[in-house]
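So, here's a batch of structures to check.
Presented sequentially are two complexes of chain A, the first with chain B as partner and the second with chain C.
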Partner chain A sequence: MAKCTIDGREVEFVAGTNLIEVAAKAGIEIPYFCYHPGLSIVAQCRMCAVEIEKMPKLQTACSTPATEGMVVKTRSDRVRQNQKSVMEFLLINHPLDCPICDKSGECDLQDQSFKYGDPYMRYTEERRTYLDLDMGPVIKKNMNRCIHCTRCIRFGTEVAGIHEMVAVQRGSNTEITTVDGRPLETDYAGNYSDVCPTGSLTLKDFRFRKRAWFLKKTPTVCEGCSRGCNMEIHQDANVIYRCLPRTNMEVNKYWLCDEGRFNYHYVNQEDRIVLPTLQAGESYQPTDWNQAIDQAKAVFNGKKLAILVGTDLTNEEAIQLQTFLPKQFGNAPVFHFGTPGIASTQDDAPADQILKRKSRTSNLNGFEKLGFKGFESLPAGIEAVLVIRGGRAEIPKFAAGVKVVGLGVFHTAENPGFEVVLPGTSFAEKDGTIVNFEGREQKLKRSINPRGQCKQLPEILMMWMNRGMSAGVAS
Partner chain B sequence: MAKILSQKFYDEMNKLVPRYPTRVALLLPALHQAQEEAGWLPSEVMEEIGEYIGIHPAQVREVASFYTMYNLNPVGKYHIKVCTNVACCLRGADEIVEHIEKKFGIACGGTTPDKKFTLMEEECLGACGTAPAMMLNDDYYENLDIKTIDQLLDGLK
Partner chain C sequence: MLVKAKTSGTQKFYLVEIIKGLYITMRAMLFGKTVTIQYPEERRDYSDRYRGMHYIKATNGVENCTACMLCPTVCPAECIHIEAGERPDKEKYPVKFEIDVLRCCFCGMCEEACPKDAIKLSTIYEMSQTHREVFEKDYLLEQRGNK
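For the complex of A and B:
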């Protein structure tokens, strides 16, 4: 393997790798703003300039590939002086409003100013300010904080495939904007905030809700579609505040779509049914677990039953159900369901050019591998249905007169018209395995405790068994 | 969307298509041609250009706002662009700008109420050897002083 020397250490590298990455592999940090491994290289922030032997001027590490025998210094006086100057320059117009900025605590500009900048600044003139136009429901812009790194523009054109975010005017008057404050069109707008190294583009969804340093982070997988993008859930005091993408070059690279990013809302939603509940006319009546299970059994008693299992459940849950369901309900037909029109992996296909897939549940492939059959319509003569799901599988419409019991995550706003709801857990409240469209097994990790009296599926099944014998269903 | 640009615009552009390796390269000539028709570039026109070339209207805006020769606001009959870069500045461009501002009672970037004059600062006109310089519509005027400016502007109808 080719070798070069960085700060006196011999470092191996793969030909073509730029100095930032080579140094990072060796644990040497080169600061940068405009560089992003998932975007093209423009070398315009100048923060990553390093000293290379036999080169008269400092070179930007992001745009310089390492070569055999190269001798690089990232901590020399010249380099440090450059870093100080660049920081001073970038902060000339920056409002330094960190105390009220959402990015504070996880801001590249803040961190690197602290680490590489000079606490003293010579600039005393008036700072340039902007009036900010809106950018739609996802992103809040604050142009005063911008350092013109153009990461957002490059994300738009190179990844999202739309040139909607642009830099108008030029020089120090440059402004990042959409046309006349039009809303962003891409379904991946949240990433604009992720790539921003300052607080210029922040998520409206997260705005002023929590300081970054209070958040506990759990690595998990998105349940929004059959791709299974890797992400992190950020929570505090059992409340989820946001989901951010986690880098996985083989699945989602650095990105996450808005649907997946904001999918978590249903977990905390006000109208989620978090207590065992019986239907009472138009409304729902909370009750206790024993009564709810008794009532569910009474609903099924003597009726011809079908069972629908959402493909938003994990493999572990699916396997437990495979043992439980035949024991309790004989040979009542069992189907998996999730997205209307996507009854099998045959129907699943990319929904766009980037990440999204047509199956809007995460474990379609897993259920199919375990031998579950896809749901198309209820067999003739079915009088009652047991619907088991996470929070995302779309509940089919049933004919009037079919009695339904729900087990899992449901909302009163969905108005499912269920006889009984046994509250279960969402993807954020349990551990488990899901299988994405390529057959890649990935782990859901529990980040918060179940809300209210919601219980894990195994516990509910156990309670069901302990409340007497089989429901005595006609088969 | 109803077309604002004339058939002539489209004829001219279609003639230019084979000249460039990519279609996006049509953007600058398209903006020039469109500005010739309307005198400036309203957003509907930029939208139409984007549609014709096949790029997002934001990209048209990005380019049009970068160059000072494209007018994003209506301009008067006489468009005065005074160079205020180093050489002209050293030779009194600031005084010239100030003088014109006072003369017409407008700020830099503004237009007189009778829509006759628009005053703007311009970046380097490349006439450093004959500084200070300015453009009046498409013509250069060099070696300026306040007297020649007054003569020039007063003679305009």
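For the complex of A and C:
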């Protein structure tokens, strides 16, 4: 492999890699703002300029591929002086907003100003200010904080495939805005906030809810569709505050769609059923586990039963159900369900050209591999249904008179009209494996404790079995 | 090891020693300087830097605090709870600002961390209560301080 020297250290590299990546591999940090590994290179922030031997001027590391025998200095006096000057220019118009700004704590500008900048500023004139523009429901814009790195513009054109962010005016009057001031249209708008190196584009959903340094991060997988994008759940005190994409070049690269990003809301939603409940007339009555299980058994007693299992459950849960269901319910038919109209992986197809897929549940492929049959309609003569799901699979409509018992995550707002609800756990509250559309097995990781009296599926199944035995009820 | 104190004859006589002791007491009582004060009527002067009851400084009736959460971050007793919100005249302000005083150790680090000169420890030291007290925002906003 070719070799170059960075800061006196010999570093091997693959031809064509730029200096930022080569240096990062060797553990040498070169600061940058406008460079992003997933976007094209523009070299306009000038922060990454480094000294290269035999070149008269500083070169931007992001746009310079490493070559054999190249000698690079990233810490020389000239480089440091340049970094200091670039920081000073970037901060000329940047407001001292950090106490208010949601980005502080994870802000590139803040970190690098601290590391490479000068604590003193010579600028005494008035700073430029802009009126803010509403950018739709996802992104809150604050143009005063912008440093014109154009990452958002490049993300829109290159990844989201929509040229909606533009830079208008010139020089220090440059303003990043949308075409004609329209709200953002893309389904990937949350990524604008991720790529922004300052607090210029922040999430409205996360606005002022928590400071970044309080959040505990759990690497997990999105359950929004059969793609299975890698993401991180950020929680504090058992409340999820946001989900951010986690880099996986083979699945989602650096991105996450808005549906997956904001999917976590149902976990902490007010109306989630977190206690075992019985239906009394129109409303739900909380009860205890024993009573709820007895009632569920009474509902099923002597009736012809079908079982629907949501494809938002994990493989582990599916296997447990495969052993449990025949023992308890004989040969009652078992189907998997998730998205209306998608009964098997044959029906699953990309929903757009980026990440989203048509199956809106994450484990369709896993269930099919385990031999579950897809749900299309209930067989004739079914009088009762047991619905087991994780919170995302869409509950089908049942004919009037069919008694339904729910096991898993349900909301009163959905008003499914169930006889009994046994509260289970959502994707953030359990460990497990899901299989995405290409057969890649990925791990869900538990990030928060189950709410209320919600229990893991194996625990509920054990209670169901033991209750039957002690009460002497034939199962 | 047992050591026996050597006592002289007058010490053994006892009465002489009593009178000696009473003389010292009487001298201090009648002619000495008093060290106690009549507390609620009289008060001692404390340093201006004394760290007593908290308050939030306000400028023109608007609290200085922007809910940046640096004080709960730095607080070693974890006694400050803030919830941030938005209102038309101020981009970010504390909707809830509570200090659990019983947990507070009056280290003054919140005051030091505050970038907006908002949270302050006044020189008020009379804070005894008959019930467990959490200082709410309205109470903290009373400008009782001198800093």
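Convention: the second predicted complex is superposed on the first by the 466 of 475 C-alpha atoms of A that agree within 3 Å, B and C clash if a C-alpha of one lies under 4 Å from a C-alpha of the other, contacts with A are read in each partner's own complex, and residues count from 1 in each chain.
Just so it is clear, contacts are C-beta pairs under 8 Å (C-beta built on N, C-alpha and C of every residue); 3 or more make two chains touch, one makes a residue touch a chain.
Just so it is clear, the model here is predicted, and its values are computed rather than measured.
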Chain A as common anchor, with chain B and chain C clashing or fitting: fit
Partner chain in contact with A:Trp213 - chain B first, chain C second, else both or neither: second
First, second, both or neither for A:Cys98, with chain B first and chain C second: second
Touching partner for A:Gln169 - first (chain B), second (chain C), both, neither: first
Partner chain in contact with A:Val179 - chain B first, chain C second, else both or neither: first
Least C-alpha distance (whole Å) that remains between chain C and chain B when both complexes are overlaid: 28
Complex contacts: residues of chain C adjacent to chain A: 66-70, 73, 84-86, 91-92, 115-116
In the complex, chain B residues that touch chain A: 43, 55-59, 61-62, 65-66
Chain B-touching residues of chain A, taken from the complex the two chains share: 162-170, 177-180
Interfacial residue positions of chain A with respect to chain C in the complex: 98-100, 104, 207-209, 211, 213-214
